[in-house]
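Naming follows writing order (A, B, C and D), and every chain is counted from residue 1.
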Amino acid sequence: MIARIRKNEELTSGYFLVDIEAEGIGLHEAGRPAAGRPAVPGQFYMLKVGQSTDPLLRRPLSLHRKLTDDSVRFLYRQSGRGTALLSRLIPGDELDVLGPLGNGFPIPTGIKHALIVGGGIGVAPLMALADYISDERQDITAAAFIGGRSREYVLGADEFRRKRIETFTATEDGSLPRKGLITHVLDDYIREHMRKDACGRSTVCGWAVYSCGPKAMLISVAAMAKKYGIKNYTSMESNMACGIGACMGCVISVLDGGNGSSVYKKVCDDGPVFDADDIIW
Amino acid sequence: MVKTLTPIKPSLAVKLGPLTLKNPVITASGTFGYGEEYSKYFDLSLLGGITTKGLSLKPMQGNPPPRLCETPSGMLNAIGLQNVGVDEFIEKKLPFLAGFDTKVIANIFGNTVEEYEAVTARLDRAKGVHAIEVNISCPNVKNGGMAFGTDLEATYDVIKAVRNATSLPVIAKLSPNVTDVVPFADRAAHAGADALSLINTLLGMAIDIKSRKPKIANITGGLSGPAIRPVAVRIVWQVYRAVGLPIIGMGGIMDASDALEFMLAGATAVAAGTANFVNPLAPVEIIAGIERYLIENGIDHARHIIGQVQA
Amino acid sequence: MVKTLTPIKPSLAVKLGPLTLKNPVITASGTFGYGEEYSKYFDLSLLGGITTKGLSLKPMQGNPPPRLCETPSGMLNAIGLQNVGVDEFIEKKLPFLAGFDTKVIANIFGNTVEEYEAVTARLDRAKGVHAIEVNISCPNVKNGGMAFGTDLEATYDVIKAVRNATSLPVIAKLSPNVTDVVPFADRAAHAGADALSLINTLLGMAIDIKSRKPKIANITGGLSGPAIRPVAVRIVWQVYRAVGLPIIGMGGIMDASDALEFMLAGATAVAAGTANFVNPLAPVEIIAGIERYLIENGIDHARHIIGQVQA
Amino acid sequence: MIARIRKNEELTSGYFLVDIEAEGIGLHEAGRPAAGRPAVPGQFYMLKVGQSTDPLLRRPLSLHRKLTDDSVRFLYRQSGRGTALLSRLIPGDELDVLGPLGNGFPIPTGIKHALIVGGGIGVAPLMALADYISDERQDITAAAFIGGRSREYVLGADEFRRKRIETFTATEDGSLPRKGLITHVLDDYIREHMRKDACGRSTVCGWAVYSCGPKAMLISVAAMAKKYGIKNYTSMESNMACGIGACMGCVISVLDGGNGSSVYKKVCDDGPVFDADDIIW
């Protein structure tokens, strides 16, 4: 689908917000599963940047915010040639977009409290989740944990707070408290809030952790969630060609059921969100 | 070349030996899944044909990730022929494909001549398969694959075995990673192939200079996309002039203009591969573009442009 | 890999057998004229080496135009080895090149083994030639050229004849248009080559669908540029692991990152070819970029990264 | 050299004027022949459009007008992908440019009257010639002959007139008089003006024809010039890779001296302007 750039602005050095619009871009396409229903947090789009055959492939970007049925926002980091080309587009420019694609963050019944853990650009899909929870799920509370190299790279913290989500930050250089890793903040939070309820069950049983960010962070979040017995859903990345499940190029290794054997699952189609317990890192 | 003065709707039908396609545009093996994914983007009945992902006797897990990376105007892949296996294909995937008015070409692969034969035999009995494309040119698997496609006698043996195991049209998919494709095309013809698919991917490699690791876990992979088009067009032209079999041309076809280049070089039909990833509507746009070209040039049959390059 | 803790100025010098280069960056044959044109853009003494346009015994007119066209991330050329001939080269072009502090590699070509031998003999006597690169892989000439480079015995014979005709270092430039380059590299080694140049262009073709004519008059041409880089890197890696000769890697190198990819794959030196057309300063920028990479990674000798891909 | 776009505007459907600036871009580069001297009419530049490897090669464009030592103007037709990319650049965008390159239009001593003959985009280099003659060569008079498909494609006629160069036009569709080919207009002009001077020499002996445009036009102009014994210099085109004489890719066949044999000459280096008499069409 051909979308039009409405706004494309640098948020902080090397990180951009781009708003694009096209009829129904915030909805599932006709003929696709969930046709006509809104894009789900955790889903992504494949963007064709540039008109030439180099760069050749589309670039996957997560839904950052669904603005309306006809417009969506992405948060992206200029990391290579494709995102550099994207950053040069100006309002009015056209862009070929495929999506929404992928599965999105699951919120199984019984979830009452969402811990949203993002590092750097990992905040991109988590904002969509926060939007959804605060707009449509009064039954769920959330807390956000956002880490970054330094103050400028702690993305979206103010937005989370504006949604009345309790938000914690951490920076590696201490330019914003707390100095250190966001996983430490998360660990403290869980330990502080964890207690037995009247029936002797741990209160974390209605909790879920939603994570996206650098691999090292994801691994440590997953280990922590496992330790405390909290479900952890994490959004994974992988090089993609088709983005729709046809090329088998984007697979990662995940555990196949209980027997410990592994299978390849497609990040684009079976994911990008996986149960962190299943991932073979 | 027959020219007419008034624009008429040209006929797009072409014949790959015994296999008639309503138009010359096919989707290339491994780039179109089993059709389901793309059926959400357009009506598969519009296609001349659909080639399935390579099928083996048993399901295959494929290669470890990362499996693909981008290169200048191209991509490397080493999927390693991950597939559901021929039995599950017949049971679960084929019925879906059979629901469309298009030719289903089953792409097959084996580690031994016997495996090729066994896969063929099963497909021969299945309803809804219109042809068998024999991949002897996959660069991404340890045994078989390209090993067959770079050995003249092995090429003959595999194609012959497949030929004997089926009455369906047999298409030999040859490797471009040889000094001269012509003798291979010739051997495939002698072994009874009805048509040729040219070309499979070129063997390539890319290295991440930061990690100092190959960009794909399999180390080497198959190069596809526009980057390889000049090589593919050259091979189609060479084989067309030397061997009498109809050719399915592929390798970097992104639009109708590219497809026409292959037809002028000698391809009877064309396949869109990597193009599907970039533009899910590529095959239907190619069909429309070929038709437009024929009309604009007053040519009444797609087949009249086959091999018509003035060289 | 030797790592040091403080950034020191790394040594860029590399050895192609008996030939020592001050840095690993050479210009590829046919893409740098005889040096004069580019001397207006930078000091040629900065280069590790300069390879001349292919030289033949007699001057050659080359192929009729059009001789080149652009392709996705690449170009096709069929210059047909237009050159001034070895005698005029020695008389008129070499003195200019000899004025720079760089290694002059004379690229040669013949229609027969005897011609290769005769050209070599003349260059051997000339002052200012530091090595002979033997092109047995040009796809754009009728006789000789690729015909030698796709035949194992002819490869041996040509290299042997050149070897016997000179005491200068001999570099065999092999064809990528073969099933497996390794045996050719091996034969060249046995015939006495001191180093290998990999790769020459891939054979390709492009057709103008409006005129229905090939885009270059020679019909087929050599494909160069970034499009072929994955193929070139793969071949360098294959040959590096199998054959003991130092390699000059080339094929689509546009910047330092590309050059480093080749060195990690196993190239001792690298050549910029098509890149010169796009950016006349490419070779000097590549030298600077390699140095920067070594510094950033605390590596004190360029030679320490050769073949260091973790594969 | 990195130049900056100052202006890039559509002149008439599919034809653009682009002004670029960079220090010394209107002068020969240091180290190049004629270093420091201004670019000559008939010379060209090689432009790298786009940042990716596709399109890969630079695009040659003739000097249309030297605005200052630090800025030049090109007139270009959007004919393919490269020129399409160029047409999308906006003021402030950067562009990698090589040049001036090539030989330029010769004005041998004795030339008193220049007939400037352009078809369509062929006007591009001829305008530079007209600028030069009217600004710096009071000793030379000129007349211009400009053809085009229709009124909108007769480029630059008003500019020529503003320079007080007598200017004739022709359009194929008659939307601007005269209907027909510009070569007919030229033929009439020459016949009308041709007479013997006092010494019995033809007045055309101090004339020269400068042509650029579609091949068919160039051939017919060349034949006409030959018939009337007028020198004809014509700017040729050819696919180029390097633009500086190194790749041998851009050759055309020209006669080699008087013996009728042909040689290949490089359009970029030996040309782009050739004596039309020598060209083997």
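Assume a contact is a pair of C-beta atoms (placed from the backbone, for glycine too) under 8 Å apart; a residue touches a chain by one contact, two chains touch by 3 or more.
Small disclaimer: the values here were computed from a predicted structure and weren't measured.
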Longest centre-to-centre distance from chain B, chain (CA-based): D
So, what's the distance in Å between the C-alpha centres of chain D and chain B? 47
Roughly how many whole angstrom separate the Cα centroids of chain A and chain D? 56
Using mean CA coordinates as chain centres, what's the chain B-chain C distance in Å? 34
Which chain C residues touch at least two other chains? 72-74, 225-227
What parts of chain A, by residue number, touch at least two of the other chains? 53-55
Graph of touching chains, which shape: line, ring, star, complete, other? complete
Quick one: in the complex, what on chain A touches chain C? 53-54
Seen from chain C, its contact residues with chain B in the complex are 71-74, 76, 150, 177-180, 202-207, 209, 211-214, 219-221, 223, 225-231, 233-234, 237, 252, 257, 260-261, 264-265, 293, 308-311
Can you tell me which positions in chain A touch chain B when the two form their complex? 29, 31-32, 48, 53-58, 96, 98, 238-253, 263-264, 269
Would you mind writing out the residues of chain D in touch with chain A in their complex? 50-55, 81, 84-85
Touching chain A in the complex: which residues of chain C? 72-73, 226
